[in-house]
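The structure follows.
Chain nomenclature is as follows: A, B, C and D, assigned in order of appearance, with residue numbering initiated at 1 for each chain independently.
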Amino acid sequence: MKSINFQNHLITSTPNAMEKVFTEFKPSTEGQKLRKEFVEKHTNKKIELLDGPNTVNTPETFKGNIENYIGITQVPTGIVGPLKVNGQHANGEFFIPLATTEGALVASYHRGTQAITRSGGVHCVVSKTRIGRAPGFRFNTTSEAQEFAMFALNANGAIDQILAEKSRFAKLVNIEPNIIGNILILLFEYTTGDAAGQNMVTICTDAICKYLIHASKIKPKKFYIESNLAGDKKPTAKNVTSARGRRVIAEATITKEVVKSILKSTPEDIVDYYELANIASIHAGAMGAQGHYANGLAALFLATGNDVACVSESFTGINLFQVTDNGDLYVSVNIPNFVAGTVGGGTSCPTQSESLDIMNCKGSGNADKFAEIAAGLILAGELSISAAISAGHFTNAHQSFGRK
Amino acid sequence: MKSINFQNHLITSTPNAMEKVFTEFKPSTEGQKLRKEFVEKHTNKKIELLDGPNTVNTPETFKGNIENYIGITQVPTGIVGPLKVNGQHANGEFFIPLATTEGALVASYHRGTQAITRSGGVHCVVSKTRIGRAPGFRFNTTSEAQEFAMFALNANGAIDQILAEKSRFAKLVNIEPNIIGNILILLFEYTTGDAAGQNMVTICTDAICKYLIHASKIKPKKFYIESNLAGDKKPTAKNVTSARGRRVIAEATITKEVVKSILKSTPEDIVDYYELANIASIHAGAMGAQGHYANGLAALFLATGNDVACVSESFTGINLFQVTDNGDLYVSVNIPNFVAGTVGGGTSCPTQSESLDIMNCKGSGNADKFAEIAAGLILAGELSISAAISAGHFTNAHQSFGRK
Amino acid sequence: MKSINFQNHLITSTPNAMEKVFTEFKPSTEGQKLRKEFVEKHTNKKIELLDGPNTVNTPETFKGNIENYIGITQVPTGIVGPLKVNGQHANGEFFIPLATTEGALVASYHRGTQAITRSGGVHCVVSKTRIGRAPGFRFNTTSEAQEFAMFALNANGAIDQILAEKSRFAKLVNIEPNIIGNILILLFEYTTGDAAGQNMVTICTDAICKYLIHASKIKPKKFYIESNLAGDKKPTAKNVTSARGRRVIAEATITKEVVKSILKSTPEDIVDYYELANIASIHAGAMGAQGHYANGLAALFLATGNDVACVSESFTGINLFQVTDNGDLYVSVNIPNFVAGTVGGGTSCPTQSESLDIMNCKGSGNADKFAEIAAGLILAGELSISAAISAGHFTNAHQSFGRK
Amino acid sequence: MKSINFQNHLITSTPNAMEKVFTEFKPSTEGQKLRKEFVEKHTNKKIELLDGPNTVNTPETFKGNIENYIGITQVPTGIVGPLKVNGQHANGEFFIPLATTEGALVASYHRGTQAITRSGGVHCVVSKTRIGRAPGFRFNTTSEAQEFAMFALNANGAIDQILAEKSRFAKLVNIEPNIIGNILILLFEYTTGDAAGQNMVTICTDAICKYLIHASKIKPKKFYIESNLAGDKKPTAKNVTSARGRRVIAEATITKEVVKSILKSTPEDIVDYYELANIASIHAGAMGAQGHYANGLAALFLATGNDVACVSESFTGINLFQVTDNGDLYVSVNIPNFVAGTVGGGTSCPTQSESLDIMNCKGSGNADKFAEIAAGLILAGELSISAAISAGHFTNAHQSFGRK
């Protein structure tokens, strides 16, 4: 126990005399053992499966990914494809691993990939990339807020120097002042290479703000590193109409024969369904208008070590379905807030890294490619569910796959 | 291969001559082997870690949870607690497993649980329970839509009989007609016992609608089992102001001493921060106003076999922070759309079931209890992040935990 | 000046020595004279046109409508029609006065009425009627809020008695408790006969709440007559998906010949335009999806003495445009929050009353009829603008009418 | 009748044999007479008050403001002030005319102005000015949409020349491409001098787009001058977080003595009320969070010949209420979409022009000044209503003023 570092905000005891079991946050075999015994004793439950055999049975592997480590949750994983992608960064046929416990999900997305690939593939494009951090400042008056904002907007030189010290990857692309009375919210927007980048932009923005506060004649009364405007872990209308993470578009034309043979519907029926679906989305006060982007994103994020909590911001978007002049089906998905990457977070965990590798998306240089494949996947899912609902097969599919 | 059932919507070949590898959706050892070989051959990648040793190495275990099974994604899991909950269904101290690959998450929630437990616990209540399915119908005119809606609202006897046949758990609590021109959307709202219940309500609603269409004099021109109004896998303002899943409230009073010693902030500073945070949420066009409900929900849903895609609908809510007359901190989280359960989906998968068991929430009779514990967890997370931001420690915490 | 009543919240002097000119709020000839002289002296401007000849040159006419009376604003008024309405309350051909200073508005709505009338008229229906007041209460805990809410929900007898004393017209149709932590918001929803009814429901709700606070064992710490939830003078997603004022639907089928001859477009072009327009509304984060309900509502409210500020809540809604099996144009407007009436407010002012009379909508018994005519008018306006945009005539129309 | 110009889209007869009464849209004495007789005959109603004596009894005065002229709607008008404004463009004490038929409105705003002026005035600032038009284009693919957008973004030279021909006032400040699948929406944002400017930007944008379509190699399949994204006559989240018209901020510190003596409340009570009011706004899914901006805006727009329909886009915003270190009340209103001006529309109509003149805001060079005075007025109204509700006087005020 000597090796355990006590950090100043840790808990050393609790009302019911919990011991030092929870004082070491970093994953270690010793810590896991102590913790397991403690929890087993206090709950009268056995922890066996979480602590069962696994691929990499050394908790230290997960340093930086977990605290209070107790074991491993095992999530069954399926694979769909090949998905033919004609993108700017992704080109070729891809097999995509999806981790989920929801029956019918993989089958549905797989069906969509088949329809796409047989129709020649999906065209994908990343149209904008940026990730923000939005610190809040309090001043006495609007004028003070304006003056500080002006100071920040003119501090490029100093800011560049700070960024150069803090990160090799973060590039600042925009500072947007939002003034509401005597409150100033500065939205700092960056690109962060192949990482989703939330931690990187926190660290950079914190350093910039500390410099600004130090150097400005006007001092804020209060400073908060995040005001809730950035939309971290929750969608905002502001981000939906702009971009957070990558703004990705995918489009495909599915021939009427493939709509018939694979999707068991017709282009006209799908388009007709979506006119109603959009009206329902508007009436209900949805953000965007789509079917289930969240399903594909959650399964893909989980399989690849991306942050599944970010599904709460990445799920928004807009579908287009149109009948072409030839009577085929044009379909497009538009994902304004794709917050995921190929480095950082859980992307280097063992199985997660392998899943990225199956798509040739492991590590640096692959985030745009990964985003394009993901957009193609989401399109596959929207195709499949819309076809199923328009043709009346949705219920049966869930009845046969989703029940034990 | 003889035993493989060909289902009529499966793919038997693809443009690049994919064989029958993907024709059997149900998980099996034989299927996994064929699929692995096929993907390895076409991608030139090795699938080793996904297919490595694990607790329950029989794909069949995951029947109903996955198709195109290829292996297991391993997610590190930490544990937080004890969290003292004083609820209507949950009473006592709980240890809560959280599966995530995002460093600092577990540490932050753990810190919140300590502040709560030392202050006497969190009071939780499930104030409303319902899950909906919202089929859409097309008619020629508003009058026809009204007439059909009226017929549906008066069909209780027949509907009860259908429900009795289709499900032991689903109880219909409301039918709400939404008419927009010649479109009718009937929102059927149910309780579904201890399951999240989306499949159950699909099957029941489909049967009811087929009966209504058969029995009504006025026939719809089109019928779709879901219009996108129900808010499945995406939040809607309608559900946020009403309820989907469970509407859960948690509240606690954290003494100023505990705010100081554990959370390293003061009640006044946290309240002051949240006034600004709410303004930012309003300005950005957020749904609700909170910090990161999605983090705790995603990690909990993942650990317990609930559908992580449902984080996209469950993440909304409203925080309250107030300084009490005694100078302590009153805090409340309000989660209108908690869509999760203790049976169904992945809740019976091996490690997931064990995690539910650690909280004494395994199986039937535990969904309300589970929702109350979850709400207490979310409150812990909001406490911790608000304190960190208000006191300027947020960046440091992420710097020390979140980087490898 | 002796006759002037000093009210305790009036101003008797100002920093620049303003005299008793503003101390009498009720309109009177003497007050107007004093006020005019005072303002002319302090601004060095002449007030002549506001105080010029008018139909009813006695300020006292406007008692209850204005304070600090200084004269009359004159708004040019046009008339459109006949509009053939086939409603439940409005049946026949109507001429509708519209007051506006915006060129092209009347011409555009008139064109729409002609297309409707030539196609056999517009079918209108009021599907729901209710107006709310939403007082807020503070308690110590959620439990207290729940207990008070329960008490309110069970106080029917006493509430009925209070209502009977306070108003002949207000009928309470629903009490909906909204609990957020220790805050309780009770939404009281009424019908208010032929008045828009905001004042009526304020007075009734205030009396009910005072009774509840007096009679309940649990006392709120604070009580506010309005929490901002009711949506008075601002739209809310809650009201858009439900109803405030009257929820009104209008629908019409415009023959393809009339679309061509009068609207200079085709059903297909209009429908095609609206697919794009709905996508744009969703992308921009609009409430509902429509073109310019606000134009017709503002001009109608102004002409008829309804509250033009209520355009800010009444403007929302959803359009449907479809090509029928015959190739004609089906169009529907759906107005969830039509907040206007035929008694109360400015409806009895001289010219305003006359305008209501032209539509046979003057006074009691006419609010539903008026709402149906209004919905028909709104449909006319949506037809006209959609046709103009789809056919590329919108700019020319504004160029010829809207410039001096 | 010979002088009447037949325009090609006018109606020359109707199913019930309506004569040429409605064929001349431009206001004229002869047209009014014919129209009046026709309507009187068909409705059996007398039109006397609308056609009664008025300040300027020549319909031709209203050319460009009205079609199908039938008479004048007379709206009682009160005056409030003096309001001390310390702005960048407005400096001094102003008396503000407000036209309304809603009792209590003028009294309430007047009270607010007194509190402000006695506390030293309101500080106002116009932080951003722009008005948009958002044409929609259809292409075959996303790539085509991107290529056309790129062409537009690089066409500055040609665009400048077109603008120079079309308008002396419109300056293009931004072109923002929004691509959703194969749909392109180009948001053109301008400043338009002292006019609200909607017609001006329509004409300019139409000319630019026609040039772009002509000059671009890639041709759109369809072009619509407005897609509904600009937010003309309806608010959008996009405009709320950005700007439409003028983004205006007003702030004031009201001494605790004045809060007590004039507003009959305390700074603490008002701040406490607003914490609850913001929670209610968030829960209800409002846009922004404020009390009744629409009331002041509607009465001011009406008095000054601005477009009252634009209240539907101008009403949004956010209030701040804080207790200062001295125990006084800091208050701020933030109006992101103030769409009004001092030239164009009805601003030159007789009484309307006089009302602008009373504020020294008549004609060119005054739009920023007018916006600042308006923001001060809105702040007065928010102060007054919040004080009344926080102190429990709201109901009484409406009972004494608002009933005949």
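We take it that contacts are C-beta pairs under 8 Å (C-beta built on N, C-alpha and C of every residue); 3 or more make two chains touch, one makes a residue touch a chain.
As the structure is a computational prediction, the values presented were derived from the model and not from experiment.
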Chains contacting each of chain A and chain C, listed by label: B, D
Most widely separated chain from chain A, with each centre as the mean of CA atoms: C
Counting C-beta pairs in contact, which chain pair has more, B-D or C-D? C-D
Rounded to a whole Å, what is the gap between the Cα centroids of chain B and chain C? 40
Rounded to a whole Å, what is the gap between the Cα centroids of chain C and chain D? 16
Cα-centroid distance, chain B relative to chain D, in whole angstrom: 43
Quick one: which residues in chain D touch 2 or more of the other chains? 178, 180, 183, 237-238, 240-241, 278-279, 281, 283-285, 287-289, 318, 320, 322
Mind pulling up the chain B residues that touch chain C in the complex? 123, 125, 127, 141-143, 146, 178-183, 237-238, 240-241, 249, 251, 285, 318, 320, 322, 330, 332, 334
Which of the residues in chain D end up touching chain B in this complex? 237, 240-241, 275, 278-279, 281-285, 287-289, 318, 320, 322
